[in-house]
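Two complexes are shown next, each including chain A; its partner changes from chain B in the first to chain C in the second.
After this line comes the complex of A and B, so read on.
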């Protein structure tokens, strides 16, 4: 775990963490911070930025700043619910596939099938099955993460299995399940934490992409992707409408990537 | 070579079959009665039954699956009921646009990524390293829908030098066609190009550290010959693998880029199919998307094996 700690102290990870805390914190506290309701319509459409409307208003006279703040909450949900579920499912499947050879073959083929649906194709598939909406985004992000964590766990554990300390543990009679959870998984954890940072970045990307192409969060519900989707109709009237969600989504994706980079550096510099 | 292909093929077929089963049954079990959707809300029971019969929806589900699969294999993809046209024809019309977009993006990505990656991997100057590193980090991370909209804001809204969307005349009028293609292709190429650059740089650095490079220098090889004959060929295999994965993911990016630039390609057709609940069109397009991904993977693996005998002979 020393490497991870060192990674968290790297400049990349510090900047990334700061951005993530600020942006996600603003989303979390949206009900307190937002000056207006994200749904309240007024007669003042496409108002320029002012003291009452920091980023101006949209085509229904709704406060854009408040809508962006509330939009962040969708990503908060996707990151806090879908990514952990996919990660745990993937890790468990990855662990299981190191125990029995036949199960390994089955699980690896299952991962191959899931991976053949690249992230947005998976999104379209899920939306076709259960219909467009936030649930489709959550399921897509979960499913995409399963093989990522599964492969990583399996390969990490497989490479650890030949280490002397594992052989020693086996010889003194440590049961397979205990061996897996007490001796193998903790040592494979480093790679999984790095993957978690990258998966959060991917989750924000997928929410944005699905909502942007119209199969994720749908208007009037605000999300970074759905705001951007609506805004492109009004690019010549109100560039800020598009720029605001663009800046936030880029900051989040980039910040999680930076954290991932920083952690990797910390782990490599042994 | 051929032996290697034969060894890779069965697993790929199993994956493709499993994917087709998943696509068919998930869509069919969730989409309700396609005949009722097709007939409309006011249709009589007889009409619905007639439609059901004509589409073969009376057959058991698994028989329907086999009929669908036979159709896909023989090129009979059925008819789209939201667009009232044969699906093969619809795909034919949009495939060209997507291939044009993807080819343009790929060309830019390989050229740009190749040059940047080569510089990043070989120039040992701190400033150059940091600048290129930051640029490629941005390229990898910034989502296509952000760069695409940004390009429109700058070049179509503010400066009005490029069209904001559509395919234009295509390649029949090259000069104008390129203007329409430029922004979508750039937007689609950025993540691919940046990823390529990073992997090429890492692979070059790793290769330059190998003993054979020292030997080459020691026996007096010219730098150009050392790079072209020894370093680059040895650095390429991991890069082609990444390129394969990136090409497989281009369709996902194309869905986004086609939405931004109103580019009438496969991605747009797929979105139309899903939002219009056209189950047959959706099924066909999803299967094609997955099949393309799998085929690209195999082609990449075979190319890797051709470059590197170690892969070809492993466990042979």
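After this line comes the complex of A and C, so read on.
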């Protein structure tokens, strides 16, 4: 059986996938599931949980449950747009650096520079340049992922290049481009898929962190990070306010990590 | 007196695909001081049997039933704590890969004294003294100093000696040796086998030797148990098994084992072959950290059309480097390679592809030489597709190597090692080459499969008029395929000539010792044989000895005959000694193994 498939069937990955499907499904279907508009203000501020407001209301009397559901959508967007773009850019750069030696040096030093920034510092830098907001989050997540995928691709391809079957392909006359896409990249894919799971977890984390410090998604737009940020101010009056977004962020990060672990296990076991 | 008894042992692996019985009702007796061989091909259950004896089978494997009686005590009923005193105490084990069986971070002293202390309480000082004794016992020179080395500072042969010393620490009654020499070169293998025989003779240690090599069995063992698909299909004294095998599998195994004494099949030897590949004064050096490693040092030879030339040598002698140079995968440091009259060096792009459509390579390890993500049909079709040829030839190629056309739709992992090697050969044939370089092409296969692949190569040669450069370390299998043979030592060719003549009457002392090191699958011969066992190890090519490179180990060189200083100072050129035969030795033909005649 294929290693990745075996990985997806491991208990860790199954649990992770279940959580991801539930949480992201809820975000995706927010317009249908949310009992209220996430922006509709009422006079009842800081209401405790009730039948109409499952998680209570916030400082403007908005329904917290609905805001959390809509908040998930930001992470959905970051995961579905920024991670793939970063992954593709990184993979392409990684591949290019295996072709020419001089380009390798240039690209690797660029990666060194990007890796030297921790993700939050990178976020601050991006926000300083283009201003805070969702675009800053998207760009940051993309940028952070480029060297991660780049290094991984480069190292995987470099080690695959010495395999007998690659040598065999070369001496039966396979040209470099076909060699890359037919022999090297497909065999490097396993590692990239594992990284993708971990990158999604990182994306949720970065969105949360950037919005929490106020350079990401900004109120009144709901996002898991911005909800957390606002809730801190009212921690003494309404402890539940912070709890819901926190639980969702943790669950998502944990779930993606579990999937990554499960995949790694499946690939390692022979 | 019976020392160890296995009774109806059954070990099953509970895998996801259902239970697999790896050991089925295995029973045998081992007398004190006896040497018993467990013989069989890979997957026959030899190693699992050994682990079962020690009650060391790991999940998903489980010993289902049976007993292992050591002096009447059932080991399988002992608790883990008791069992620990037995393991490495009365019953010791040594493994195939000595280097990975030692902890790389601990000095040998620590590991050896630990083994001593595990079985007997004594002061640390005394234990270290005992470690020195053990190192001396297994023939490690300068034991005191070597105890302070880390395992990585030991060569494969020396590391295996350390493993044996550790196994001896508890003064075992039985040593179980699982393929103890498979990872070693032939001349080093001869040394280790000699050591095991000596321990058996002098200390009366019983040995259970697990091996697939019948030559080793003939040399070392008194009794043989033949395993096949988890069962012992036949057991008896070594003479019985070799002279009158009863089970069909045993017969097949004996017939497949290459022997230097068996007449080899007739070989097409073109009278005056048209030279296809010509190699002149080839050298290849690698630089690393300011040091130069000369892998190939001035090698000349040619391969004629329709001819098979064998290239024999131990690991590190430069034979695989020659394969890479000939294929144009690497560029030589100096010297010339020409093919069909035109130079091969410095080819790129289209010229390289054109050259490789005439010269192809078959690798040692059929597991790693196929892309796991491509079906067999895609792998064989690829050379056709990149040339714009008709991919419908895939079925024809599969048939040519003896595989069904339906194989095309399956993935490499669905095939056994021998079948994969056939696929690799089919892929090489797809470009319709004239010369195929076989780099240890059968070394990773079981003997019965080796024989099949060799037969296939020979058959293809007859049908397609192919030429082969057959590189290997196993003299017997190289002799079986090649009309001419080159023997290499430390980057140089030391002898060349017709294969049967070189193996019958070697001229160079290294060739003679190499031949003498190869165990014959015939207990009669092995008993009467006087062997030349080379001392020491192959010197590193980073710092080859001056003069004749072999003089540091040569049985007729300055070591044995102090007057022969010429070997230390002058490099002997490869000179013709008799028609068609050449040797690079100042005293060619002097060293002979008496019983080495046909």
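Side notes on the structure shown:
Going forward, the second predicted complex is superposed on the first by the 269 of 270 C-alpha atoms of A that agree within 3 Å, B and C clash if a C-alpha of one lies under 4 Å from a C-alpha of the other, contacts with A are read in each partner's own complex, and residues count from 1 in each chain.
What we mean here is this: a contact is a pair of C-beta atoms (placed from the backbone, for glycine too) under 8 Å apart; a residue touches a chain by one contact, two chains touch by 3 or more.
What you see is a predicted model; the values in this text were computed from it and never measured.
Superposition note: with chain A as the common reference, chain B and chain C are in steric clash.
By the touch criterion defined above, A:187 reaches chain C but does not reach chain B. Touch criterion met: A:163 reaches chain C, while chain B stays clear of it. Using the contact criterion defined above for the overlaid structures, shared-chain residue A:113 touches chain B, although it does not reach chain C.
After overlaying the two complexes on the shared chain, residue contacts for A:174 are found with chain C alone; chain B is out of touch.
In the overlay built on the shared chain, the residue A:125 is in contact with chain B alone; chain C does not reach it. Contacts of A:251 after superposition: neither chain B nor chain C is touched.
When the two complexes are overlaid, the chain among chain B and chain C that reaches more residues of chain A is B. Remark: of the candidate stretches 59-67, 113-121, 221-229 or 581-589 in chain C, the one overlapping chain B after superposition on chain A is 113-121. Per the touch definition, chain A reaches chain C in the complex via residues 163-175, 178, 182-183, 186-187. For chain C in complex with chain A, the residues that touch the partner chain are 327-329, 353, 356-357, 360-361, 363, 365, 368-374, 382-383, 386-387, 424, 427-428, 430-431. For chain A in complex with chain B, the residues that touch the partner chain are 109-110, 112-113, 116-121, 124-125, 127-130, 132, 201, 205, 208-209, 212-215, 225, 228, 231-232, 235-236, 239, 242-243, 246, 249-250, 253-254, 257-258, 261. Interface residues of chain B facing chain A in the complex, by the touch rule stated above, are 11, 14-16, 18-19, 22-23, 26-27, 30-31, 137-138, 140-146, 149-150, 152-153, 157, 164, 248-249, 251-253, 255-256, 259-260, 270-271, 273-275, 279, 282, 286, 289-290, 293-294.
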